[in-house]
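One chain, chain A, appears in both complexes that follow, with chain B as partner in the first and chain C in the second.
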Partner chain A sequence: MENRPLEYDYTVAKMFMFTTIALGIVGMLIGVILAFELAFPEINTILGQGLAEYTNYSRLRPLHTDAVIFGFTLSGIWATWYYVGQRVLKVSMAESKFLMFIGKLHFWLYMVGVVAVVASLFLGITTSKEYAEFEWPIDIAIVVVWVLFGVSIFGLIGIRREKSLYISIWYYIATFLGIAMLYLFNNMEIPTMLASNAAGESGIGAWYHSVSMYAGTNDALVEWWYGHNAVAFGFTVPIVAMIYYFLPKESGQAIYSYKLSLLSFWGLMFVYLWAGGHHLLYSTVPDWMQTMGSIFSVILILPSWGSAINMLLTMKGEWQQVAASPLIKFMVLGSTFYMFSTLEGPIQAIKSVNAIAHFTDWIVGHVHDGTLGWVGFMIMAALYHMAPRVFKREIYSKSLMVSQFWIQTLGVVLYFTSMWIAGITQGMMWRAHDEFGNLAYSFIDTVTVLHPYYAIRGVGGLLYLVGFLMFAYNIYKTMSARPVEESELQNASPMGA
Partner chain B sequence: MFHWLEKHPFFFAVGIFVTIAFAGLVEILPNFAQASRPVIGTTPYSTLELTGRHVYIKNSCNACHSQLVRPFKSETDRYGHYSLSGEYAYDRPFLWGSKRTGPDLMRVGNYRTTDWHENHMNNPSGVVPGSIMPAYTWMFTNKADVNTAYAEQLTVAQFFSVPYNKPVPMKDGSTKIVKMGASTAEANALALAEAKVIAADMKNQNVKDAVARGEIPEIVALIAYMNSLK
Partner chain C sequence: MNIAELQAYGYFALVVFLVIALYSYIYHLYSTDKKKGGHDYEKFSNIALNDDISDAPVSPMSDDKEK
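What follows is the complex of A and B.
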């Protein structure tokens, strides 16, 4: 083999970096609008009565969740995959015309999917299942996009030079397999155009409409088996893949413990799937499943904290870097938020706590300290690390990064503290009885009391969005600057140069 | 073993898949058949009710309203009897929701009327002062899609044996037949007949006129669905 470093090809990584930023802005902006709609309902008709159908809370809500999950996060996962994959497998995308074609096809088909999703959700074409709102034609497109992702993973693995798979690759493989299984089974549906009647008519009604293969309780069980684990394999597994690569790279430190990463990887794989039942506590799902969901959620602390502690201990002896480097700040606080939300989740999964927390804003707060604090921070850190290497330019402004870090951290703190108070307040008010055993509050009392917390949450979300715009600006200025670096930055890596 | 797996991607992937698929099989399969059996008194949705259910889904009402009464005194006091699995036997998709920004609607048909819904959907805070629910004024003019609901009825009857045009046992020992049209024209006629009953209790003249012309505004279908939730 020639004795010079490989030239990696970041064409596809770059494309996904752009969509990460663009869809991140869209998703978070809609989120901020939604937050303020709850605090100030007049905003529902901000574009006038005529467009109220498209600007009101309920129509926008799935757009927010899907834009940040399937837009921002998925793009981020793919941007890092097309960067990390080549580097830890020691093979360049440029070496295979086929894989390069697959990568580009992956991106452009994904773009088609994004447009279709946005259009259909605005029009109210939805199956109503959370994070699986898409009707069957879009589902099929998503499956194709996902298969292309799989071809890219296993194709690159097939031509790898480094025989041993680095930890990040484990997690990318798991992301691919996990989501594939969950998505296929949760979206089993029958297009209604297939039905025919005694009069010989068929293809009646909207061609894109379908009906779920599962009914009622079963549908709920499958949906939350999916919904909870879409979080696992979209918000946890691939983000852990990122931090296992980017933290050692950026800090120059080796991973603290291989055994701990083994334990947390296989532990996470085994335990996570059981925990879906905690979304269905006190529902009509059988008791034993609820109990299993509850117990496994608590056990889940072990593998989650295993990864997080492994990351934090990787910084052992190098803590001065947290003060010195804004990028390390993002990753260390990200790991800390990961620990925090993987402790909060199991607490909410305990049945007696869930009785108060379920259906309230505390759940919303929990989701957001995980997504804003962990997923968002980690993806932005990954892109910050990639940008100088992909664009061959120094990051435009470090001080802008630091201000962004503090603004966003403040945003996240405002977000989850206000939602804690809102959730627990409402949960307690719903169940309060007076001395005669009558309900103490009518429902509307438990809504109006939340107004200040909704307003604070809106401000928290707005701060996070402002920070994200600073991030976008920083990256834009970086890539449009004059090239300064001739060679790749040489930092320590998990596997040499 | 782990070192060996890390050098053999195929077996590594198989290992992961078995590990993650295991939980789903154990949790979902054993109870599958039992959970989908209806309780006595649960009937399939009529054409107009199902049309209204689609309006409910189209506007993501489930983003803020649950349809699941948990077995606590505070919930049964507020919403009525706690939910039973069989009551959802004809719910495809389920609409339990995950957030109660507004109250639960599982049994809203027991304590709200057509008149109440009409006023409330037009101006929520006029009916419930302090409400943060947006008005859904476009439902009073948008036309409901009866044909798609009919296609769904046909689909569930064909693929899942949902008992349309068949006697369904009721709690008092009697039986009830939910009719499904034999043709699109008949389905529309059935829906319109239901719509006329709802429109008779409404005040909005445009809606009344539309129904008199044979059209069904979304609000009429939605109220039919709301009234069926008991």
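What follows is the complex of A and C.
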């Protein structure tokens, strides 16, 4: 035992790989159910009127968003952190009993949080703030989980052998700091048991209920500063951290321009935090704030494309790898979708475009080409790259991966194209009026027209879920596949049949 | 001038400051490049490519102690 050479310890990474897959299945399954509920409303009561409370759209919707954001994506971020962090800092978690303990505590406390979130949302206990639905006891637990993540990051950095922090580490640090700040400020809330109303009554409501510390327009501003930057520091920054490690590693190519990666990083940090105002165009927030939100959203194209182009150029001269390796396919399509959705977002943030796009399905389409095409593809690619290395087995099936790739790509395309058509149709119908200014259509007219697109969206989501189940099966079977030699793990991941 | 106007001017000043800071950073990155006898940023890509625990670090921590 004493004479064994030092190895990276992937215990905690493996635990989070498991939750990435499990919570991914849960979140995406609920998403597909929701899509079909919108197309076929009778599914809302599919288990009968008695259980309608638990199966209706409004009860399930936060479970979908929170399961994919705080379940699938966060787990994926942590799985990759506990893998990438050790490797680029050249230090093993086996070298520190303390950090190993923190890592495991991080995981198990997170599991407690997941159970609490799922149970409370199913029961309908919610603050009713979008993406911040958790009541105060859960918020406190999440803050503790987050602090443990921070201890893990800075603890590992503290004992590193590599003096320079690789670009991915900067992105992981930004994820930690960004979410910490956003989460704390947006979830400032007062338990109702501590408050008293105008009539002087105190101890109102259940012990777990709370009200936001902000009111009206201020609440909306803080909420969307948080909401949009949750996209920044949950769906962009950590996923860029992943691609800056996994694409060069899998392809064996150095990053096209390390300098460009640094300046895109700081560009993203400067610009992103100011763009949230675009969620509140034509609302009661000050006009200059709305304009600034629009302008910063457009400027955001530069740092976003800086990273994305850097990734595509990393493949310069090596494009045959895209054809040969399904893993590279996932990452190249992921960064392409990143470019695509970071162009689409700024377009939607332009005031005149937003006048049509706001509140329509086009927004839903935009979110999903980013999350399915970029976040989902990149996290799956990261886990595919990690699996042979943490299990020391080849990936079970290359052909299954290829089929998964095409099924999911088709799914994403069906999803966003149907939502484009639905959204623009909706936007145009809502604003159509006759020569006297009377609205030409009632709301139900749009619902009737949109039905086929909602059905197509459901099918697109279902295809993506099927692909995700193929991914889960492939990873599961990888654990019993052919063992590989250390030398096979240098760059391109070994794959069976 | 009311508080809202002050905020807006403050915001604008901050934006100008951030733009100057970012462009100065770009200038700094490219003007201290290896060819001009400065920092070689591109070598840091190797941190990911050579990341086995037995690989030599690109910039070892022990460099500090040797100085």
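To be clear about the criterion, the second predicted complex is superposed on the first by the 465 of 497 C-alpha atoms of A that agree within 3 Å, B and C clash if a C-alpha of one lies under 4 Å from a C-alpha of the other, contacts with A are read in each partner's own complex, and residues count from 1 in each chain.
Note that in this section contacts are C-beta pairs under 8 Å (C-beta built on N, C-alpha and C of every residue); 3 or more make two chains touch, one makes a residue touch a chain.
The shown structure was predicted, so the numbers you read here are calculated from the model rather than taken from an experiment.
**Q** For chain A, which side has the bigger count of touched residues, chain B or chain C?
**A** Per-residue touch count on chain A favours B.
**Q** Between chain B and chain C, whom does A:Met292 touch in the aligned arrangement: first, second, both, or neither?
**A** both
**Q** For A:Lys163, decide between first (touching chain B), second (touching chain C), both and neither.
**A** Once the two structures are laid over each other on A, A:Lys163 reaches both partners.
**Q** Considering only the touch criterion stated at the top, classify A:Pro452 as touching first (chain B), second (chain C), both, or neither.
**A** neither
**Q** By the touch definition at the top of the document, which applies to A:Ala195: first (chain B), second (chain C), both, or neither?
**A** In the superposition, A:Ala195 touches chain B alone.
**Q** Does the superposition put A:Phe270 against chain B (first), chain C (second), both, or neither?
**A** After superposition on chain A, A:Phe270 lies in contact with both partners, chain B and chain C.
**Q** Kindly classify A:Trp225 by the partners it touches after superposition: chain B alone (first), chain C alone (second), both, or neither?
**A** The first partner, chain B, only.
**Q** According to the stated criteria, A:Lys90 is in contact with first (chain B), second (chain C), both, or neither; which is it?
**A** second
**Q** Scan A:Leu262 for contacts with chain B and chain C and give back first, second, both or neither.
**A** The answer is both, since A:Leu262 touches chain B and chain C.
**Q** Where on chain A do the contacts from chain B and from chain C line up?
**A** 163-164, 262, 266, 270, 286, 292
**Q** What does chain A use to touch chain C in their complex?
**A** It comes out as residues 5-8, 87-88, 90, 92, 160-164, 166-168, 244-245, 248-249, 252, 254-255, 257-259, 262-263, 266-267, 270, 286, 288, 292.
**Q** Over in the complex, which chain B residues touch chain A? Could you list them?
**A** Those in contact with chain A are residues 2-3, 6-7, 9, 12-13, 16-17, 19-24, 27-28, 31-32, 35-36, 57-64, 66, 68, 70-75, 77-78, 83-103, 125, 128-138, 142, 145, 147-152, 154-156, 158-160, 181-184.
**Q** Which residues of chain A touch chain B in their complex?
**A** Touching chain B: residues 37-38, 41, 44-45, 49, 52-53, 56-59, 61-62, 124-130, 154, 157, 163-165, 170, 173-174, 177-178, 181, 185, 190, 192-199, 201, 204-206, 209, 211-212, 214-223, 225, 262, 266, 269-270, 272-274, 276-277, 279, 282-286, 289, 292, 296, 355, 358-361, 363-364, 430-433, 438-439, 443-444, 447-448 of chain A.
**Q** In the complex of these two chains, what residues of chain C are touching chain A?
**A** Where chain C meets chain A, its residues are 4, 8, 11, 18, 21-22, 25-26, 29-30, 33, 41-49, 51, 53-55, 57-61, 63-64.
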